[in-house]
Every structure is written in C-alpha cells, then in structure tokens.
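This report refers to the structure that appears directly beneath it.
Chains: A, B, C, D and E, in written order; residue numbering restarts at 1 for each.
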C-alpha cells in the first residue's frame, strides 16, 4: 500500500519479452514485478515469453516491444546485420553456456572429443564457440560430428544419441540430468579458450532509446533492487518466484534456482566495455561478423553522464 | 441350394450404436494398452515417454492448470475451425467460379501450404501481436487448405447432366455454383471437413508455439522445456480429446446434413 | 402465351473425324409436336442438346432462330435421356427443381407452387412418393418424376429425350394423355424409339438417317392427339415409318 | 435469335498449354509482386521479411550450400511421399476391407493425426537416431493421413451398382476392393494425393528441426539463428519450389492415370 | 452344359411398412425364357436382385433352390436396369469386365477372350466403338455394351432388367434375334415393359400384380423364339396381356 501511495499518477507502460519460457534466470524480472518494484517507479511492466529465442530482438528492432532478453553473442550478430538494437543492461554476467558430457563417459579433456558426436541447440554461434574450444585442444570442427538437436539437449545426451552437447546452460541442464539419475559433467567454455561474455542481457531499440532512457533507467534500477533482494533472501525469493506462476514450482526449478543465484549481475546497468570489445574481436577474427562497430552501437551505460 | 434368408435385415441399429463414443472408447483403451506395451517392451525412459499412469496422475493433479489452458485452446480451435471452413469454402467457390483465378490462385494456395508456419511467425506476430488472433489465424491456415482443396475438387466434378439442367433452367453461374455444384460437392467436402477437424487442434497449438502465454500448446512447450513430460503428455491427451470430439461432432453434423446419403451408406455398410 | 416456332439452320456436329450431321436444316412449327426418330447413336440426343444451347465436347455449330424473334432462353424445358434427379432433394423438391434452383417464386406463392407440383406428381401416379428420396424409387418412377419436373416448368418449348422409355405399357398410355393435355399448344420436340408412340403423339415425324444424317420428314396421321391405339391410320403409318427407319444407316 | 456458332470448339489446346509450369510461373510472378508490395506498404524491416531481390541474391550466392542441403531434403521428401502414400493406401484398403478394424483403427488414426508431430519427434529421434530415417518417417506421417482419409472415403462411396455387378461376377471381397472400389475411388484419392504432395516438404522440414546436421530445414533454423534471414528465405523458396514441383508432378500423373476423366474435364472446363 | 431351373419360394420384401410381395412362389423351368411384366414400381427389379443374391436396403427373404441342387453362384449373369458401365475401362474392357475383374482367364487365352468380346460387339453393332470410352457413347450404345457384357459371361442363368429399353425399334428386333440365338438353351428371366417384345421372346409370361404382388402366369404364344412380328398369335395374346397389366395395381 505504501508503494502505491508513492506511485506517480501516470504509469508508463513497458513491454518486456523474455528469451524463453519463464525459468530461474528470469527471477529478477519476475520478482521485481511481484514485489511491485516496477510500479513503485511508475512503470507498468508487461512480461511476455516467446517460443523462439531469436524472435524478441527482432520485435524490439521493429518497435513492437520495448525491451527483450537476448544473448551477448547474438547481439554482435544482430548489430552486424543492421538491427537497431543496443544492450542497456545485464541479467546474467557470466557465460551460462557449457559443454556437457555424461560423467561416466570418461571424457576428462576436450581433446578426447575427437571422432565424437556433439549435439547443439539453435544458437547461431555454437559452431564458432565449439571450434574455439576444439582448437584450444588441438582439434578442429572436422574432427567431430555436429548434430542440431534443437531443444532436446538433455534427452539426447542421457540416451547417448550424442556424446556431448554444447549450448547447455550450466545452471539448468546438469540439474535436469541429475533429476533423471544421470550425472553430467560440464566444461565451462570461458575456461576452454572462449572469451568471457554476458550470457543474458537486456536490449532496447537504439533509435528510440533517448525517448525512453528515463523509463529504462528506472527499469534497470528495479532489476538491480530485485537482484540484491533475491541474493539477500534466497528462500523468500524462491517463494516470490513461484508465486508468479505456480507451475514454476518444480524440483528441477528449485535445483536450478540455487545454481543460478551466483550468476545474476549485481550491477545490471553497469557496462564492462572490454567484454564487448573482446568478444567482437573474437567473432570478427572468425568471420562471424563483417565489421567492427563503435561500442556505442553495441551497448550503453544508461547512467553514464 | 442357396438361401439368403434375412441376410440384410435390421443391421443399421447395431452399427448406429457402435458409432462415435463407443468406438472412440474402444480405441482409447487399445491405445493405452499399446502405449504401456511400448514402454514395457522398449524400456523407453520416462523423460521421453511417461507411462499412462503418470500421465493420468498429472491429468488429475494439474486439472486446474489444464482446464484453464484448455479453455483458451478450445476457443482458438473453434474460432479457427469456423474461420478456416468459411475461408476455405469461399476459396473453393471462387476458384470454381472464376476461371482466370484458378491459374494463379491455386499455385499461391499451394505455396501458402508449403511454407512452414514458423517462418511466417515473426511476421504474423509483428502484425497481430500476441493475442488470441494469431492463434486463431494459425488454426485457420491449417484448416483452410483441406477444405479449399477438397471443396474445389468436389465442385469441379459435378456431373455434367446437372450442370446442363441448370443451364436450361436459366440459372446464373452463381446460382449454379451455390445450388447445384455445392450440394453435389458435399460428399467430397465432407472428406475435407473431417480431415480439417482432426487437424484444427494442431493449428491452434502451432499458433501458441509461435507466441503465447496460455493455452495447451504453450503448456506443452513449457512443460517440455522443463522436462515435465508427464504434464506435457497430459496436455496432449486433452488436445487429442478435443480433436476426437471435433471429428465426431463434424461427422455427425455431416451425416445430418446428408440424409439422402444415410440409407445408401447403411445399406452398403 | 404463344410458344415460338424454331428454325434450325446449318446445324453441324463432328466427333473427331466423324461428322454426325452437316448443315442440317429443320423447321419446327409453333405449337406443333414433332417426334424425332432414328437409329441408336445417330445424333438425336446431341441435336436436342444443341437446340437447348448445351455444351458438347467437340466441334459443333447451329443457327437457331425463333419465329417471334425473341430469345429462346427462359422459355425452354429439357428432359434428358437420363432422369437427372438430384439425390439431395426429395421427390417433391425434384419436381419443383426449377423454382427451387432459380430461387424466385415468379408469380405463384410457395404453397401454390407446391400444390401444382403435388398435383403433377399425382397425375404421374406418384402422389404417395412426394416425400421419398430419389434413391428409393424404381427406374420407371424416377423417369416419371423427371417428366413431372419438365411439365412443372410450363415452358413454351419442350424438348424431351425418350421420356417414356422406362415405364410399363399402361402407364405409358396414361402419360401420353397427360403430356398431350398439358403440352397441348406448346412446341414440343420429342425423341422416341417407339413408332406407335410417335404416331399417337406427333404432328410431324422426323427421321434422322444416314451418316452424316439427313432429317427425313414423314407425314403424321391426322386427327386429335393422342390418337387412339386402334386408329387404323396408326397401323398403316407404322409400316411406312419402320421401313424408313430400316434404311441403311451408312449411305 | 440465339446463335452459338462454334461456341465450344477447340478449347482443350489452350487450357492444356496454360496448365502446370506456365500457371506456376504466373503465380510466382504474382507472389513476388505481392511480396514486394507488402514490404513497400507495411515497411516491415528486412530482418523480418527480406526483399525478393535480397533473397534472389542469396539464392545465387549460396547456391552450392542450398544445392547440397536441398538434395538431402529432396531425398527425405521423396522417400516420405512414397512411403506415406503406400502406407496410406494400405490403411484405406484395410479399413474398407475389414469392418471390425474400422471401429478401432479409425479413431487411432485420428489420434495419430491430432498429435502434434513435434511431440512425437523427440521419441522418434531417440529410437531412430539422427539419420535420414526419422525425417522420412516424419514426412510419411504427414502424408499418410490425407491419403488414408480420402482413400477410405472414396472406397466407401463406390456406387452400389458396381458392387452388385461384382457380386454377380462372383468376385471375392479382395478382388472387389482392388478392381472395383479402388479405381472408383481414384478421383477422391487424387484429391488426397494432391493435398499430400503439398504437405510433404513440411514433414521433412519438421523432421530436420528436431535433429539434423543437413537439409533445408536445418539450414533454415541455422540461418534464422544467425539472422541471415535472406538465406533462410532462400531455403524457403527452394522448399516451396519442391512442393510445387511435387504437386504438379502428381497432378500430371493423376491426369495420366485417369484418361477417361480427361475428356469430361476438358469438356466442362 | 445344362442350365438349372430355379424354384423360388417364400419370397418376401417389405419397404418400411409397405409389403411389396409376401410369400411369393415362382418356378422357372431349366432352359426356359420367362418374361416378367408389371406396373412401374411393383417390384420387378427388386425380385431380380433377390434372385441374384444382391443386397436390398430393407427386410427381405427368399428361398431359392436350383433344379440340380448346385449353388447358383458362378452360373449367373445379371444385367441391371442401369447400364453400369465403368468409366475407367474402354468399351472392349467393359464387355470383358467379368474376365478382367475376376482376373483369371478361365479356359480361353486372353486373345481368344478378346476375339469373342469383339465378335459380340460387332453383333450389337458397335464394332467401331471397341476402343471408345463409355462417356462417348449414346444411351442406346451404352445399353448395347451392357448387353454384350452380359452375353459375354456365357452363364447358365441370365437375369435381364429391361435390356432393350433404350434402343430403336429396328435395333431392338436385331437384338432379339441375337439374344435368342445366344441364350437358346439358357434359363432366362427378363423384365420388360413391351408386351410385344415379351410375346416374341418368352416361353412363359409372368405378370406381377397387386400389392402385395402376386405373380400371375399367362400362356405364351407357341412356336420358335423369336416369333415373327406378323405372327397372328402375337396380336391375339397382346390384347390379353395388356388387359392383365391393366388390372388395378391396388387390390
């Protein structure tokens, strides 16, 4: 009731599209909404989720929605393709991406992947990331067989239709495997020769950014407050999270919850320019993008003077 | 000596009774048995194919969730079915009516059919947003083609004699189309309607995959992403029930709409 | 209402390389009844179709002028060799087919039209079948429904293709009376294979003969139609007609 | 005076010429025009709907890539089509032949149709691996139902007179089915085959989405993820071309298989 | 080969509440030709169907015994009131339909069978139509193909439902000769509406009469079939037959 009393009379509508169905990585957004942190700042936030992660940035670029959750590697491709999108905040500040094998596979080192079948999900950059990891261990893409298994990463690995999967989320898929009674073993890609990056970011339309800058600033402010609150109160945070949608209350989500907490960006609006420079250089070097972009086209710090 | 005493007497009653619900029930039991057999025989893990029992439990436990989402999907299916049938019929009639249209519209129709809907999804979402309409549109698109296609085929094949009769009666082309060719195409159209009825739920579900925050399709994808395969299959079961209900409903409606056909079918059944 | 006469000129019909007739010219007097005879396959049904303005699959041409210069369309009823009942309407609906399909109840109200159809049905002996489906009729019953449908049209020019071929001898005589009465002053062109039938009903006899066919006219008996079966003229004419029909098809 | 001189002479030639390829070309041009119009009018951005020109460029530049993947998909489509048609025919014949089967198999068939393939896809993949077969199976499943359904409807509707004739000729039920009912069902079956032809490519593509390392569906997903929308649409164009080729090929085959039908159609066209 | 006689007993047929016939009993002598007459809709076609063992939509029963005690199946040819040509086979294929559909070329080779079919076609005057599609035939031509198909079967028992109704008078006489010749010693049951035709061809005349119908036998003219048209017996019998047919349908 206090929050409402403080709310300005005119609420600003803001549409946010997640990258996928709601899951623990989205906790700061969902919990901020639950706690009324958006409303407190005069924002009326509408949360939507797509079935195809490649869609939200396009809708942002087309002006159909205000903010979308996307991935940093994707951002570079999007900007390179001329989409007027720009990163305005970070949700998860490390890679979540991991290469996953069965713990009982005997694979201790990625050089053992030679001749193996590797499944991956739709990513767009999975091949490059894998290539970098393989080269780090003296292999090339030609030494493995890649299969696009779409959204069936875990089943494909558990049932041994593939020997490894890449593009798995380290906070999610290992828990999922465990639930099915199979121990998984992740290789963290930033330890295997890939430059580190922000896994989940908020993107906005660059062309209309200035009109909305203030609203976005308040939005990121709310996210920051929600993140801090979740980390301070993980159990209460969980309760708020599942209150958003009771069907979220599953053992798997619970397991993923704990694995996700340490990965939230504590200063979501802050920008680490070097990450964007380095990763862009990495993609450029591998021919994934055509040219280098000024940093301001890629990412902004909303609070920068 | 050949004796055919009372060979063909009084059969309709029996067949009539076994129509619809009973038939479906029988099939359902068979299906569940087959399902369990597959699991037992192949040892397929439960995260790929859960047991009927697990799904039944999910059906009961998640009934509120399922009911809520089922209502949404039912609306989409019904809306899509009605819209698709109307649009399909209109297309079939236009194709039959206007010759120049045929040469160009027919391939366009085919193209529309051959494009995986997912490719169009972002475009549709861009134009229509995330509401009920894109899903109804998807269901319509799926239903549309069988109706248009069989309807057109049926309209083309009107026996010449009736067309001649219509000519001497001084009917306009429009009258001929609606009063002669259309009823004559009913059996063929019925074939398309039955097919459409069983495909309608898929249309709605695909629509939901393209973007939704409720509905059985949403629930399925969502549950699948979370590896709650039992919930996913529970949603699937509800969806299949819809498809069956729609099919048998349409089938009954078709029978009612073709009373002259009934005797013949029963006689030769 | 006075029905028009028809003047057919330069009627030609060719199937593939086979000319059925070429530059045929026939006149049908206003209000007269013409019976068209000829060997099976000589082109009688096709000629009727051409007069009715119906499509034929191959090359054909016809010039058809009406005696009053007005178009024939809308004044014509055609009864084909097949009964052409539509299965989705009951018998009564099939009789009123023209009205139903056109969808305008020109002049009479719906119930008047229905009365008339029922009256016709009872005249052809099918009063009790009005609500039956066509599928439940015998061959002769179907033909009678088709006849009733044609008579129901009440057209000035009536084309009938073997209209009594499937009914028994007694019913046929009754239908002759009926048709004579209801088509009294119409221009009727009727194809038939029964010489006696033709002699009972016709003002003019026309035999299609040869290949390509010529239309050979023959004098009909005198006296009011339908002529009595024991009219001595009939027997006399019958021999002549049969002789004409017997002439070799290939000239 | 009514004069219908030479009204219906010598039309077949003209219509014949405009069939198939020319028709399709006309439609294609129309489609491209409509496509460009949509872009110009709605201003839909190119990363959602690229211009025809951009797609044409992608078609040329990526021709090697497209050709390689197209070959894979073509194999899947063809295999699926042949398998689906055979299986569908076999089902239609069995349903028509064995009455007890009807009551149980028909609802099963419906259920199979009402299950979104995506739900089955992972199961199939896990059993069959990621090779060619699951995709062929997927295309088969999609083609199967229209063929089985229209085939069965056609077989059921054989005019009673021919069945009677078959009885007095002393034909067995099997002979009646194959020699009387099957040819009589051809027009209806043709309707189903045409529908199946236009749906076959979707089956293969869905198969590829669930797990593949080549093929047009794979290419589309990959290109989509990399925001190479022009390449995705180029693959789509190739796919649509397949669908059209298959449709018109099947249509021509059907016409050739029903020579007695041709005259009638041309006469009434 | 000697064809069987047929003994029909307790034949009953009811459509809805309407009994068409009830406990009808008829005998057909081996090798004899019976003509069945009766008003349109009295149940002639239905009776033929029942003898042929065909399905009927409503309640019916029949006991049919053959004189030699062997089953009738495989020794029977049925020509229905409709021609039942199949559109997907050419005329020649329709004539050989029994052989084609059964798929065994019992006895004669394929080319012999074809020869026989062609011979039959030329006997019914359609030698030049062997390779035509049925859709390109006139009504009478279609009926003649159906007749050829029935004769081609070469069966001991032949059931024919108005087999000559659609052909012209001359062709009809020729077909009488042909049928008489080819069906000389067969057991033939033929439905017809033409009293003269019945009197030319029949050994036995049977009139279905009343409702429920009784089968009233009538003596046929003597002498070899087909009897000459100018046989004085024919005229005498014709009056009697027509009188019998005239008796009110509703008793």
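Basically, a residue touches a chain if its C-beta (ideal position, glycine included) is under 8 Å from a C-beta of that chain, and two chains touch if they have at least 3 such contacts.
This is a predicted model, so every value here is computed, not measured.
Between chain A and chain C, the least number of touching-chain steps is 2. The minimal number of chain-to-chain contact steps leading from chain A to chain E is 2. Across every pairing of chains, the maximum count of C-beta contacts belongs to B-D. Comparing the CA-atom centres of all chains against that of chain E, the greatest distance is found for A.
Look at where the CA atoms of chain D average out and do the same for chain E: the two points lie 47 Å apart. Inter-chain spacing, taken between the CA centroids of chain C and chain E, is 28 Å. Listed for chain E are residues 53, 55, 57, 73, 82, 136, each touching two or more other chains. Listed for chain B are residues 48, 122, 126, 160, 209, 224, 263-264, 267-268, each touching two or more other chains.
Within chain A, contacts with two or more other chains are made by residues 58, 62, 155, 159.
Put simply, chain D touches chain A in their complex at residues 44-48, 122, 125-126, 129-130, 209-213, 218, 221-222, 224-228. Chain E contributes residues 49, 52-55, 73-74, 76-78, 80, 82, 84, 86-89, 97-98, 100-103, 133-136, 153 to its touches with chain D in the complex. Chain E meets chain C in the complex at residues 15, 37-41, 44-46, 57, 81-82, 125, 136-141, 144, 162, 165-172, 193-195, 242, 245-246. In the complex of the two chains, the chain A residues touching chain D come out as 54, 58, 61-62, 74, 77-78, 81-83, 119, 122-125, 145-150, 152, 155-156, 159, 161. Contacts from chain D toward chain B in the complex involve residues 18, 22-24, 26-28, 30-31, 42, 44, 48-49, 99, 103-108, 110-111, 113-116, 118-119, 122-123, 126-127, 145-146, 149-150, 153-154, 156-158, 160, 163, 187-188, 190-192, 194-195, 198-199, 201-202, 205-206, 217, 220, 232-233, 236, 239-240, 242-244, 247, 264-265, 267-269.
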